[in-house]
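Chain lettering (A, B and C) follows the sequence in which the chains are written, and residue indices restart at 1 in each chain.
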Amino acid sequence: MDSSFLETRQLCKIFAPHQAAAVQALADIDLAIHRGEFAVLSGPSGSGKTTLLNIIGGLDGASSGTVILDGITVTELAEKELSRLRRDHIGFVFQAYNLIPVLTARENIEYVMRLQGRSHEECRRRGEEVAAKLDIGALLDKLPNQLSGGQQQRVAVARAVAGKPKLILADEPTANLDSKSAANLMDMMQQLNEDEGITIVFSSHDPQVISKAKHSIVLRDGKVAANEHLA
Amino acid sequence: MSRVLLRIALASLGRRRSRSLLVVIMIVMSLWGLLAMEGLYDGMTEQVIDNAIRSDSGDISIFADGYRSDPGLHRLIANPAEIAAVLDADRRIKSHVQRLRQDGLIATAHYARNGAILGVDLAAEERHGQLAAYLHKGVYDFGEKRRGALVGSRLAAKMKVKVGDKIVLSAQNRDNEVTALALRITGILKTNNMALDDSAVFIDLAKAREMLMVAEGVSRISILLHDRRQVDAVRQVLQAELPEREVRGWDQLYPALMQGREMMAVFNLITSLLVFCVAALGIFGVVLVSVLERLREFGIMLAIGTTFAEIRAMVFVESFVLGLSGYLGGALLGGLTLLYFSRYGLDLSMFSAGLDAFGMDAVTYALIRPGYFLTALAAVSGATLISVLLPLRVLRKARPIEAINRI
Amino acid sequence: MMFVHFAVRNIRAYRNRSLVTILLLALTTTMLVFATAFMDGSHAKMLSNAVEIYPGYIQITHRDFRDKPSLDNLIFDTGSVRRVVATTPGIAAFAPRFESFVLFAGDAKAVGGMLTGIEPAAEKKLSRLAASLTRGAYLEEGDGNRLYLGYELARRLKVEVGERLSFVGTGVDSSFAADTLVVKGIFNTGLFDFDATAAFVDKGYFDRIMMAENHATHFIVLPADPREADPVAADLNSRLGPDYLAESWRTTMEGLVQAMLVDSIFGYLTLAVIFIVIFFVVLIYTWLTVFARMREIGVLRAVGTRPGQILRMLVAESMLLALGSVVLGGIIGGVLAWYFHHHPICFSFSEEQFKQYGLAASSMPTAFAPLVILRDMAVMFVLAVGSTLYPIVKANRVRPIEAIHHV
């Protein structure tokens, strides 16, 4: 195993740094996540989970410190390079409403691959392959507003996976789902993690979901409160 | 731009169908109105100019030196044949005619009025400016003995004369003696060139020579070109070749018409600017709202690897699809309207007395210039471009990625 | 009342939309008010100029003179007409004129023109002849053969004040009439054609030379209130009996009156094109704000507000906006109209054109008519509120549950 697949060093984030109301969202986060891991970030609301995921994915900048992903220093990249990094190497899943409303499920899944410039046939084949794994093969021609929350979230996961990223970041993917759909989604993500060897980092505060992870990182007030590998 | 982005752009327009349609209709209506207005107004202006050129000034006129400030029989072009040879050699010149003119008095048994006696060759005038097309009543002919006269419509109206009536022309001849000539009106001309309609009596050129005792020489040579845009170039060449003559373009002879044309151009420009500024405001509002309400959507697209440039391109495509659909609709309707009015004309004869006062024809034929459509295209594109820039700035500043975590 | 309160709150909450709407509508109202004031004012000025310089507000002629202006159809007994006019109420001044076309001859040249016998003292009140003096002096009674002529006619004849010229004409008895005249004064009315043909002598002299004692071609009548020209003319007609015809300027100058109408029509057509676009933009902005508030409307419906009440609230809002804009635009437009009424707009650049159309004016005042301004404001108010109705009605048709979930 490669120990330096995803690393954060002395990562700090301060919101509104020059104002009286400055908030230290992350303080000196040092983390290492190995290739192929299924890791969870947990902790109460406001503990910094979302901020950390956003900085790792290059959606937000760090105040200081570095993020290194597979040898690339994410925190040093320009906006355009970040876009390319996200397109080619990172898949995102958000809490809710994260499909493009005017595209069908199939088009949503194929979206990233299309940006990557893959051929029509490849997009279609890969899209259907992923959709089958997530059990949404029958829903491909529906628009997002014709799908249930759980179905939408599976489409979102399919979209994140389809482009064959090295890393999937999922911010509270189950927060808007009922417990059955949540468990279902987590099982599928776990399966993908094993089948495709994609590293997955997700955040949650649902103990049932957290228990599925093999590496648990607990944040509290922007600091790492616990960091343990589970069996 | 990838096809999937194009697909999103189009689908987003479709998602707010009524709104998109409103913007398109707005552009269609404004363009339609502007094009129709422009073509009709230009048609009117050019018609007035064309009337003056065909009936009187030609594209270019040649006079003897000093004739224009002091017209009279003592300042004639003595050697018209030589000048005709020069004109025939220039291939840009379509035709030219010679006229002899003397101001005098036109009288009936009970009534008299001053007017311009014009000696012309009717056949040559017809080949030249299709003068016969202006015949209002009677025939385009001076009769067998050439004792006929064609009278301007407003002069005829003022003198209450009609076809068949007898008139007496009196004027000074070359020896400054007053001579008279009795003629019968064979036709009435309505050129809508006010100067002419008000005062002109056309008589046979040979008869005029006889009456005025002018054996040779003419007052004016009027020239028509194949292409009116070459007036200045041809005029300069002719002036250089004929240094002893006054060579004048129609715009110098009818400065008021030139001024009218320029004013119309300025007027059209101001109107168009105003309309497109307002239309840009309309497009702007819609683009701004459609960008703001999709902040989250853009945020997600950015998060999963779309670049800002791609989003920007998408917003551009959306706006330009609106703008260009409006343009196509407006250009089509405007073009058809102009086509109709260029063929059948806009009949305003119910206001004919008023139009006469402006020297306008009762039926206006619209002009269709490719330039209208090109300018309109540029204007619509410009309006669209301007109306997209600010929303895009707003979009960038709003940091769409942050919107992902807002609900 | 609650709705008005609500509406005011909303207008303030959606400040951008309110601002754009108010600005556009105020601009539109200003444009309409000012354009109307300008067109009405300039037309009135052109007409009053044209009427007052020479033709006069009311003309009395022999009943057949207008159709056949011959020596058979003169007013042969000016005394009887004079008595009738003098006893008619509402008349400020009147005088007879005798117009005759003659050939003037200077040393070098002969030019046709109109020689008119006038009563100098009365004419001073009836026309602007005396006021248009540029050189020499105006006529007086008993001036004999002294002539008052237009500057362009003088230029053509090459005569100056104090110099002599002769004329040849026809007397009332169809006899040959000729005499020598001495230039007393030269005038410039600004009406080019008029200045190029008209010349005046004292009527006493004219009558002797032309054998026109107690005769006239027409009478000019100035009503005490020029706006009453039509009823005064009608009154005169009934008093004068069938032998005479009194006509107001609306009939004698029909062409010019219609020309002004045509000009107004084209003016309003152009405004219409601009206005259509503006109202589309107002419609679009109303659409955007109403739909942006869809959820709010859904919630209001969900808590039991009836559609009619929401309709009233939204209409109250657009009426308040429209009212504010129209009042603002009306005030700005009114102030402009008032200012340019007292400080006429100068059009020195288009003098040529005015000259061509015989409009002796290059500075135009706007009309300041509060009632017309109020009318324009009312029209704009109705149009403005009208253009917001469609989105309001459309939004109100959405079911509450859809409204709440509207994205």
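Please note the rule applied: contacts are C-beta pairs under 8 Å (C-beta built on N, C-alpha and C of every residue); 3 or more make two chains touch, one makes a residue touch a chain.
A quick note: this is a predicted structure, and the numbers were derived from the prediction, not measured.
Please give the pair of chains with the highest number of C-beta contact pairs.
The largest set of C-beta contacts joins the chains B-C.
Centre to centre, using CA atoms, which chain is the farthest one from subunit C?
Relative to subunit C, the chain whose C-alpha centre sits farthest away is A.
Comparing chain centres built from Cα atoms against the global Cα centre, which chain wins on proximity?
Looking at where each chain's C-alpha mean falls, the closest to the middle is B.
How big is the gap, in whole Å, between where the Cα atoms of subunit A centre and where those of subunit C centre?
Using C-alpha averages as centres, the distance is 76 Å.
Taking each chain's centre as the mean position of its Cα atoms, how many Å separate subunit B from subunit C?
27
Could you state the distance in Å from the CA-based centre of subunit A to that of subunit B?
Roughly 67 Å, centre to centre.
Counting only residues that touch at least two other chains, what does the list for subunit A look like?
101, in rising order.
For subunit C, give me the residues that contact two or more of the other chains.
407
Note which residues of subunit B are touching subunit C in the complex, please.
It comes out as residues 18-19, 22-23, 25-26, 29-30, 33-34, 37, 41, 72, 103-115, 160, 170-172, 176, 178, 194, 198, 255-257, 259-260, 263, 267, 271, 274-275, 278-279, 281-282, 285-286, 289, 293, 348, 351, 353-359.
Could you list, by residue number, the parts of subunit B that touch subunit A in their complex?
On the subunit B side, the touching residues are 2-4, 7-8, 11-12, 14-15, 296-297, 300-310, 401-402, 404-405, 407.
Quick one: in the complex, what on subunit A touches subunit B?
50, 54, 57, 59-60, 79-80, 83-88, 90-92, 94-103, 107, 110-112, 114-117, 159-160, 163, 171
Applying the document's contact rule, which stretches of subunit C touch subunit B when the two form their complex?
Residues of subunit C touching subunit B: 20, 24, 67-72, 100-103, 105, 108-113, 168-170, 174, 193, 197, 254-262, 265-266, 269-270, 272-274, 276-278, 280-281, 283-285, 287-288, 291-292, 349-350, 352-353, 355-357, 394, 407.
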